[in-house]
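The letters A, B, C and D name the chains in turn, as written, and every chain counts its residues from 1.
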């Protein structure tokens, strides 16, 4: 009990338990085992950051290394899903989505609707998201809004090891295609995770902190930035309520609206670029559906609308900080109609 | 005439003919109805190419999967998708194969192993790798076949899939339906090496080129390729050289064709005529035995059209079903 | 010849070596790019030795398109080639293309036809040439599955030999060699065809994917020559009783229904990558001009490896060997003659990198 | 510093590490009697009043409202009028929150596991070393944390054992049967495994019915019965709760169900919901609760009423209800066979042991003291 593991271990455990539970679960991706075809160690890598390390020993050929061929293997995962398997494909970095996007948004996302409800595509595509790794513009993006724009795809971005395990298990059991976004800066983040298997339903935001003064909506790493901001704001007597969206499609607007109705103020924090972002989407929904409850203008905290820069000081400036979140909260508290 | 020289029984030959004739009647009727403005959207007709669909699909069961192209009606019919439901779908009606949500370019019936016509050229190849992977795990000897046109064979998805199928030794088969034109662009312009067998060879896959207008040539080559895949021999490619009776899509005036080309195609390269000539010449089936099939195929299509025209349209209630809807 | 521009024809089959034997027996596939390279080497060779015009069969199989692109590039690089003209015909991607091309080349009076293909392609060219009776020789390059008829040779050398003949540098009596063929006639010429290497009678009665590779269906073989070094069904004869390409007469081999009734069980390389035990009943010489009647009630005649002529019970199938039926360029003899006569020696001309050769009549 | 009595942050339950001072309920200078609510403290699980253990005068509020402080931190000072303000200042200044003491207590894990009949059962032992132990049995869907306000208070006098029933809390997701008799038999075997001969059984809701059944079937194991909002005294039970608890998937649905447990719905905190959801999401729990619900409460009726057979069992019986119990009606208190001590407490619902922890603890301690 009260066992603490990292988010990385939580992913590994979720995959392990689901593969043990359901023989139709298979994993594929570039180097998810590592060392295929070489003369050295098999399971040499277990994924580029070692997330799947050790699973090969337990589940053997149900983990398949793929050629560097994202269109083909992501498409193959989708095709296998349409034929009764539950594949979990790892795309390494979400930035690589560009080369296999057709398979995701024209194929996986559409099958169920386009075929009149007669097809299911229970595929999970895991990908690392987020900046902070000094990995520059093509390995650091938070592309979640690209996927939330597309009906038929579910999009998940957890912030804790507990949520990660439960949401990944749900993603595997879910009959829709799921883009599972893993923030690479949270891989080492530890938290209490039950050893037993459990699923967290999609579309249920998590209120991670109660507060009366303002609502901060965030997901992924930004939840932690919001918590940091909350600690400093509390010293000023400002209590913010933090809503961790957890799943971006489906999105739990009810919890957001309940909170805004209580606090009257909203700050949306998003690591995605601001245009048409999750923050913009939530802001629009709240403005539309809870305008009467708002006591001040909505604030958004996002990176600037630029690619992720490489140089460390620039990248640090790019990622929304706790100070920016706190400043936005103070701003919304100063403004207002009441 | 003593005996049947073909590797199929008379009943199988009649079935193959019925399949091809049904496709032909279906497509020719769509050609007319589309011209009259009865059908919404785009349709791409398979007429002229029937021997490939029939010659390949006759080897398959419902557990074998196929992924089709935008020109998918023939594949659907040959794979056993209900003609009436297909017509409803093409007319955008309730009760269609996809309840009116897919249309001509997206007819699918997974219960028949038909993974969908596809509006994205070359998209079926990776899906078929997945279907073949699933078949490999199931260990029931099932295969999966990707159909692709000569144009879409230039897509990266197709080429990547040849590689993936080869390295995973999948029971996957790639059929290139080479009708000579990618939309209006000749393969001479758009394909650097106009040989799909060569492309397969580049990935270490065996490939065969057959006359796609000859049912028996397709039948035999496909039979060997499919048997090989079922027994663990891995992927292969089959190029069917064929002809397209109609334009890329309905409404295409086909001004890119040479003079007399279409007349020659219809006169000398009609796979149904060839089939009929072969089986009657061999004395296995008489013209009198084929005629009722022609009438029945026509009747089936006419009935499907009548039902499709009379069927109700989807309603607003159907707009938001069959997909999860967030907020 | 020798007066005016020397012209040759090329028929390059884009779909030879594409049949079902790729799948059943790991047969090779010669890629279009390689076929185009072979043609380019022939073009280079014939141009170097004075041929400045080449007529080519157009195709819809990729050779014309790629060759045109490559010639454009080569010209950009200032490499020298003869004028290449594609015949005025609309290719339809069947054997009819080869027939039509051979007909047009014959009419245009080319000095020789270089053929890229296997036994089947060469058969088609010769069949058409037989109709015209112009005596135009062919020079074969192996790009097929079974290549018993065309020799395995570097195409540059074949091109040189063709040019030596076409420009008249070597006279026909030295440059050309006579060849045998087998005539097949059904119902006294009602249907008629030829084979360059083998006419094989099979119990199968449909054409299907054309290639013949199932030995259990074989009934009998009629061979113009039987070379133990050859691949294909003629290898059965080659392993029983070799008969040379230039030897008089051919060989008829009759197969037994099964191993039990066979006099001999012969293991032979009947296709690339495929050795089979063939039950042999008996074999006999096939003198020229003597018709053999096929004693089978219904089947198919495969000509040079491909099922071509189905026949029913009651059809009368007769097979006859003909000698001196058509000419081929004898590449080995041409090159040896050129060496012996010093035909390729010339005075040093440092200011001209590509001497244009004047045709020189050979002794 | 004679005459100075500290008021400290209480430790409610096994996992409490800190609490937030919500509101002072007594002015400085006011006279305080034993049992009087002095201030309200909120943990991440629940809010409750800190009651006076001793009588005296509140001389100093040390903790400010809203302040978050660790367990045993100084909240206030009681003293007689003979103690000067300077002495109190010095006391406050010199007070050190006893972390060392806590560390010693935490050195042993708060809970342990034991395997019984192939099931892994979580339990906690607290309290004194000597005396007849008190065995706390929670109800349907609950776990040992249901006793968080009771376990340490009872432990002041006697050894206490609390456990998670099979299929509950962190015990194995499996049950020995879907009826009261099977659960009672299992509880008996658990006592044997824990080497507990005879115990005072204190059961809440379903746990009460289990205790009754055990007292009837294995009277030797039972010293006395403490029955809190107990099942087993009639067939009424709120099916909206029993079924709703089994089926609720979302926090929203669960909140509505959980609020039925308390007289004051505000007692249901976010953390409480999160904890219950964590349990309910474990693979198999939803189905298990459904089966248990079908077995125990088929047709929305309690299937076993062992309490009605207690007459003449010879065991001392204490029965406590919250008057606003919406799950098992407080009217069932009247059906408890006499002789018995019966109390119906105002301002409390089904979770009376949480909502009126101090009163319930006093009743239990008096009951077990005989």
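Criterion: a residue touches a chain if its C-beta (ideal position, glycine included) is under 8 Å from a C-beta of that chain, and two chains touch if they have at least 3 such contacts.
Being a predicted model, the structure only gives us computed values, none of them experimental.
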Which chains are in contact with both chain C and chain D? none
Everything stays put except that chain B is ignored; which chain groups still touch one another? A, D | C
Centre-most chain [mean C-alpha coordinates]: A
Which chain has its C-alpha centroid farthest away from the centroid of chain D? C
What are the two chains with the most C-beta pairs touching? A-B
Would you mind pulling out the distance in Å between where the CA atoms of chain B average out and where those of chain C do? 36
Between chain A and chain D, centroid-to-centroid distance (C-alpha), Å: 38
Cα centre of chain B to Cα centre of chain D, whole Å, reads 70
Arrangement of touching chains [line / ring / star / complete / other]: line
Which of the chains are touching one another, listed as pairs? A-B, A-D, B-C
As the complex stands, chain A meets chain B at residues 24, 26, 64, 66-67, 69, 71-85, 87, 102-103, 106-107, 110-119, 148, 151-152, 154, 176, 203, 249-251, 253, 285
In the complex formed with chain A, which residues of chain D make contact? 111, 122, 170, 173, 249-252, 270, 274, 278, 281-283
Chain A contact footprint on chain B (complex, rising order): 65, 67, 96-102, 106, 108-111, 115-116, 118-120, 123, 125-131, 133-135, 137-138, 144, 156-157, 160-161, 163-164, 167-168, 321-327
Contacts from chain B onto chain C in the complex sit at residues 1-3, 5-7, 180, 187-189, 191-195, 197-198, 201, 206-211, 214, 216-217, 219-221, 224-225, 228, 236, 239, 241, 258, 260-261, 264, 268-269, 278, 282-283
In the complex of these two chains, what residues of chain A are touching chain D? 1, 21, 162, 166, 194, 196-201, 204, 206-207, 210, 254-255
